[in-house]
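One chain, subunit A, appears in both complexes that follow, with subunit B as partner in the first and subunit C in the second.
Presenting the complex of A and B:
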């Protein structure tokens, strides 16, 4: 399964055309297949701003640099370096995704000059204490979900397919925390522009909105994503800037030794 | 007034119909009446304690918690843990719950070989003994939890429900309690915490109302019936009191004023007070029926004779209650205002509904003999004793007053919302249990207010917080404390090979050693360097956040690490204990905090503030009402000494009440303090009646002893019957669920005894000894 930064992605390119021309209306699985197949990048890097906002309108802002590289079709590696705030500047976070076991996660603390391994507790864990889980930012595995196409809708002027994804097995729900996800997928870009996540008990939990997509190397990327936790009334916003695709990020970036060097 | 009463008698049917219609309308409104038990609603906005409480409420997402305790001799068995997990999940899903902390969903910080592990203590309910043992070990490895979600003896589990703000915490508590009841099976599951207290308070208020109201109705029905022996007649004043209660509650509902713990006693007050006028009117109606045979004339004559005193005594009663308004405590304010409104309604009904009612029923025929006799004889004997032993009586009274004064210093300012409940109440049992096994069911918060974002991350701030937290834990009745400090210390230790020496807040500058593999030499290199504690702390938090949820620390520190709180769990809700902890903490902050701004808040703090407000406010209101009553009676009788004589029995009653409290260990608090105002408002009536009649009799005979005897027969009996009825009505409060209210009932009942005794004994004795000049009736000098 999984994910990593293919995430941002949920991209799609030429496929749209093919689908549009086919006289047969695609079903939910076909649409999702199209969406997922578009993450054909090898590596990427850029700046990431993570803004967390509480119901009391307090905010926390983290400025980061990130590097990501595909390890295999469904596995990737990611390095994040915190730039600001100052007291955590230099803190670096390395994640190596594994297909069949828990991901490896390491944190370099400059104050201790030491790398600490963080035990990953499932994909449902929160990414940097945001409303995004590791699962959300990773690449979903097609077969984890059963898809059902719902009636098309228009979201903020974009014509969208609406696909309901239900967990294929109880384990998926347990792993991800989601029993069901409804996605609105833009017909023009094959990116998710809106999604609603349902918790284990089937209650509405979070909503995702994607106000901005950009095309890099012919691939559409979601460059601004806003996740709102309805139950906690907490919001996380990810803004990507200066995305660079396939520039040949060196593989050594994604090692503990590189991390240790600070 | 004469033509008014003629009108009322002529249109009697209409008057009754109108009264019924108003009653139906206002009675229907009562369905909108709300109940408010939240102490914070009782405080005026300007009070510092309230301001801080509200401010903290804005910063932190939750402020009330419910502690659900699951007890078992063997906690660590699959069945019990499964139950705890099921409860936890259910509570997490309750819309009013912000977060839940329980032994099945807690996050533990574990040191591992390579690093640190912040993980859920439990992912699946352990099925095998090995799994269970591992779970037990994990849970107990982190001492942050002992006393909070796991009892000190490991025999009970605590599930802490942090409730959202702006919800009805009391109703959430009700839901929790009924859910526990349905799902506890054979386990012992209890609930405590302020919302639970408030829930039981509201429930008890409800039971009280349902039980005491009918009892009071019975009392004010049967005592007059015993004297007047005519059901139809006795029903008239009874209708007056019931109507006035309904009208008052209806008006409260109309103006959206909720019932509070203080206002629940209002129906009993209104019944007891409101019936007095009716009894008075009936009494005279009966006496007059000996001379006037025609019904309408009889009613008209009686009303012309009595509307003055009825209005006068009602006005003094209203003043007594309105004086409660000097207290800034909202619930008392409401009690004052609405009881006055109720007394006003009773007065209006007494001079409309009663004459109208009387004019529609038959004049009693056979009551000349039924009337009086034994009581009148008794009154003569009593007058004789007073006349003969007036000096002895005076000395007796002086001795009583001196004894009373001696008792006053013994009065203890004390209250406890828990001890207000009967000893066998589930809340009392649960609280005792929790106080035995856990850190406590009550709490105070010490709030540290920083000046800039990130302020709390400074070692010097956290060190002071740690110092306070460690010291406050050693105080009596403080069972434990929790703050961000505990997490920082824990992480600091875990990241230093679990070395207990590192269970502390990092210093401003720390010396750290690290080692790294030097590829050039192929050797491990050890390196020592210095780093700022602030950076260490910030990165510890970052580390925790990496595995945490967005608001894991939300109840300990605000989002920008600007304001933090230390929550100390308390095993007491007694005012004196709280006050000691409060004073100690304030002193500690003053001595050690070097300019770091910190203050105390929490519901307990509000209780202290409310109590202090009441006591300071109440003395003011007592003197104000005494002064107003003096002024009013002085004006009424156009005599300065007349005013003095009228408030004298009130002073006497007040002294005696305080003496009873001092000698019998009844605590002075919100409830018992209110009795003084009630005593003044209601008790002055007897003095007014006695003084009024005595002056009349004295003007006739110019003989103090003769006037004493005559007054005793005419007014004395009426005062006695009246006081008896009112006292019996108030005595109903003795049957309340709540100790505070039943003590209040006792004190008010006693007050009726003291004030009537004062009027019937002190006044004539003083008159006979001091021989004051009485101005002639009509008020001219």
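Presenting the complex of A and C:
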């Protein structure tokens, strides 16, 4: 009885130690799992301001309205309507992700009065001519990358985990354009506050900084993101305003019918 | 007439001022300076002026929308050729589009002056037969080279299938330069000294002469396809000759009925977008026995887009036109007897077209569109470069060039080579 009792105590001590160990020192995969679970939204809508700055310091501003909805865990739909500048007002973009085939992408150009199906140039294609790619604004799949935890750092006063993600297969690198991504994950919110992206050749390509995150309906969301292309010396800033999360955006929005509406 | 249009615009502004809850009014448009000149000596300036496009739209929540777009176009080249009348005589005011949208759960309705474009291929669309072309105009705006039609457009959303049914009560022909009156150049083989070109004979605007179009659209496993039917009139005229006396002939451009059944499909494979479109044109000469009326024919286009990168898109297409009823002996005989010198038509004509869209640097986009007819090696090239000077300010420089033997379709146009420049501010 005494032996059994001491065994139970030992087991409890070990279990406690293991638990403590995992809570203070999770590995890269565990951290990323937690990060991805933070972005557990079903639908969202809001306004997006995209500020593009070239190496010649010329700046262009695009104002748009966006709607997004999850079809399944790894498939989502997105509708974007451009509000400004005036010359492209009314241009609308619909993307429907598919797990087993190429995504459907449609572009409505009011100047041409036509909906055009456009090629899905992979997740690595630029989003609205910015330095963000479709991959950057989507939700990454956990198993597409192999994670390695690096030494913790402090960024802008926030204590961060540092996780290095290497592409699990050459196809991931080909699709996303990235061979490696190092992310700084805030310990308090489990959101990315900084990231460095490496191109297919392993050269440093882009840096992401996230100066603002906000919580909506229990979901942390990066409301300001700045991507700097080091190779082209371009910068794109995404600012989300009036975000509404999980308010029940209707599925009919993500159709060619709604794409053409003013 | 101008007062009438101005009144409409003032009415629109008043309407804009009465927005209530749920309704949203937007004003917009553009101001554009434009100029175009022939590249062939004596380098005639064919267009130079300013245009204000004024758009008003008002949405009523999810129930409907009003939209109107008017052009105020002042072209000094037109003023010059028209002669001096008043200070405003070079000003043209015309509606680009003016329609009402009504939205119901399963049906969208659009009534008014509008563009209805069909088809999936680029630039050459056998199934796109509702809006006529304006061959007199050159510009980077689509409303300059297509003409709107007054139509009732209904779109029925029946689950995965969309049905479109359109009614176009009034026929509008293509805008083609046409010389009427006494023609100097006849067919030397006929030795008829007097050839007179009459004004065109249009279908009378009665309900019986209205046009209808239907289209079914569906998507399955990433393949988007459509089937279509059009019953109306050919926007291009046929020239019908009539012997009016032993030494004179009159010619009448006549617009003949046509029925067109067609289909289009496309499928994206990674960076490739494969597309095809075909249509059968059942003309007013279904047996191919009337040499002055277009033979029934099939036109098809097969092609693909290739997104080489985010900055470079290529498109290549193969186009073929096959006359399904064709009697060569009859056509040769008719050509010899025709009062105008005329080429003998061919049963099959083949062409290739290509588009290159390239953004070499930030805010600069260039586009080159070319068509080459394989038999005569005659060609057409349209190229332009857009530079976004600032948000909503765009400079466009372009040119339109024709080449080929003198009697070929594009070769005939070599004197029409032009360069153009536009500066556009959108608001």
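Everything below uses one rule, namely that the second predicted complex is superposed on the first by the 236 of 262 C-alpha atoms of A that agree within 3 Å, B and C clash if a C-alpha of one lies under 4 Å from a C-alpha of the other, contacts with A are read in each partner's own complex, and residues count from 1 in each chain.
Here is the rule we use: a contact is a pair of C-beta atoms (placed from the backbone, for glycine too) under 8 Å apart; a residue touches a chain by one contact, two chains touch by 3 or more.
Since this is a predicted model, take the numbers as computed values, not measurements.
J.: Assess the superposed three-chain arrangement around subunit A: do subunit B and subunit C clash, or do they fit?
T.: With subunit A as the common anchor, subunit B and subunit C collide in the superposed model.
J.: Name the contact category of A:102: first (subunit B only), second (subunit C only), both, or neither.
T.: The second partner, subunit C, only.
J.: Where does A:25 make contact in the superposed view: on subunit B (first), on subunit C (second), on both, or on neither?
T.: Once the two structures are laid over each other on A, A:25 reaches no partner at all.
J.: Between subunit B and subunit C, whom does A:201 touch in the aligned arrangement: first, second, both, or neither?
T.: In the superposition, A:201 touches subunit B alone.
J.: Of subunit B and subunit C, which one touches more of subunit A's residues?
T.: The partner that reaches more residues of subunit A in the superposed model: B.
J.: If we overlay the two complexes on their shared chain A, which of subunit B and subunit C does A:114 touch? Say first, second, both or neither.
T.: Touch status of A:114: both partners.
J.: For A:61, using the defined touch cut-off, is the partner it touches subunit B, subunit C, both, or neither? Pick first, second, both or neither.
T.: second
J.: Touching A:236, do we find subunit B (first), subunit C (second), both, or neither?
T.: first
J.: Mind working out whether A:93 is in touch with subunit B, subunit C, both or neither, as first, second, both or neither?
T.: first
J.: Per the contact definition in the header, classify A:131: touching subunit B only (first), subunit C only (second), both, or neither.
T.: Touch status of A:131: first partner only.
J.: Report which listed segment of subunit B has C-alpha atoms clashing with subunit C; options: 43-51, 367-375, 421-429 or 547-555.
T.: Looking at 43-51, 367-375, 421-429 or 547-555, the stretch of subunit B that collides with subunit C is 547-555.
J.: Following superposition on chain A, which residues of subunit A contact subunit B and also contact subunit C?
T.: Residues 54, 56, 58, 60, 85, 87, 105, 111-114, 117-119, 121, 125-126, 129, 234, 257 of subunit A touch both subunit B and subunit C.
J.: Any idea which subunit A residues touch subunit C in the complex?
T.: 54, 56, 58, 60-61, 84-87, 89, 98, 101-102, 104-105, 111-114, 117-122, 125-126, 129, 234, 256-257, 261-262
J.: Mind listing the subunit A positions that touch subunit B in their complex?
T.: 52, 54-56, 58-60, 82, 85, 87-88, 91, 93, 105-107, 109-119, 121, 125-126, 128-131, 201, 203, 229, 232, 234, 236, 257, 260
J.: Note which residues of subunit B are touching subunit A in the complex, please.
T.: By the definition above, subunit B touches subunit A via 58-59, 61, 93, 112, 114-120, 123, 454, 457, 495, 512, 514, 516-517, 527, 529, 531-532, 534-536, 538-539, 542-543, 545-552, 554, 558-560.
J.: Under the stated contact criterion, what part of subunit C meets subunit A in this complex?
T.: 26, 28, 30, 57, 59, 65, 67, 101, 103, 108, 115, 117, 120, 141-142, 155, 157, 162, 219, 221-222, 224, 266, 268-273, 305-307, 309-310, 313, 362-363, 388, 390-392, 394, 424, 426-427
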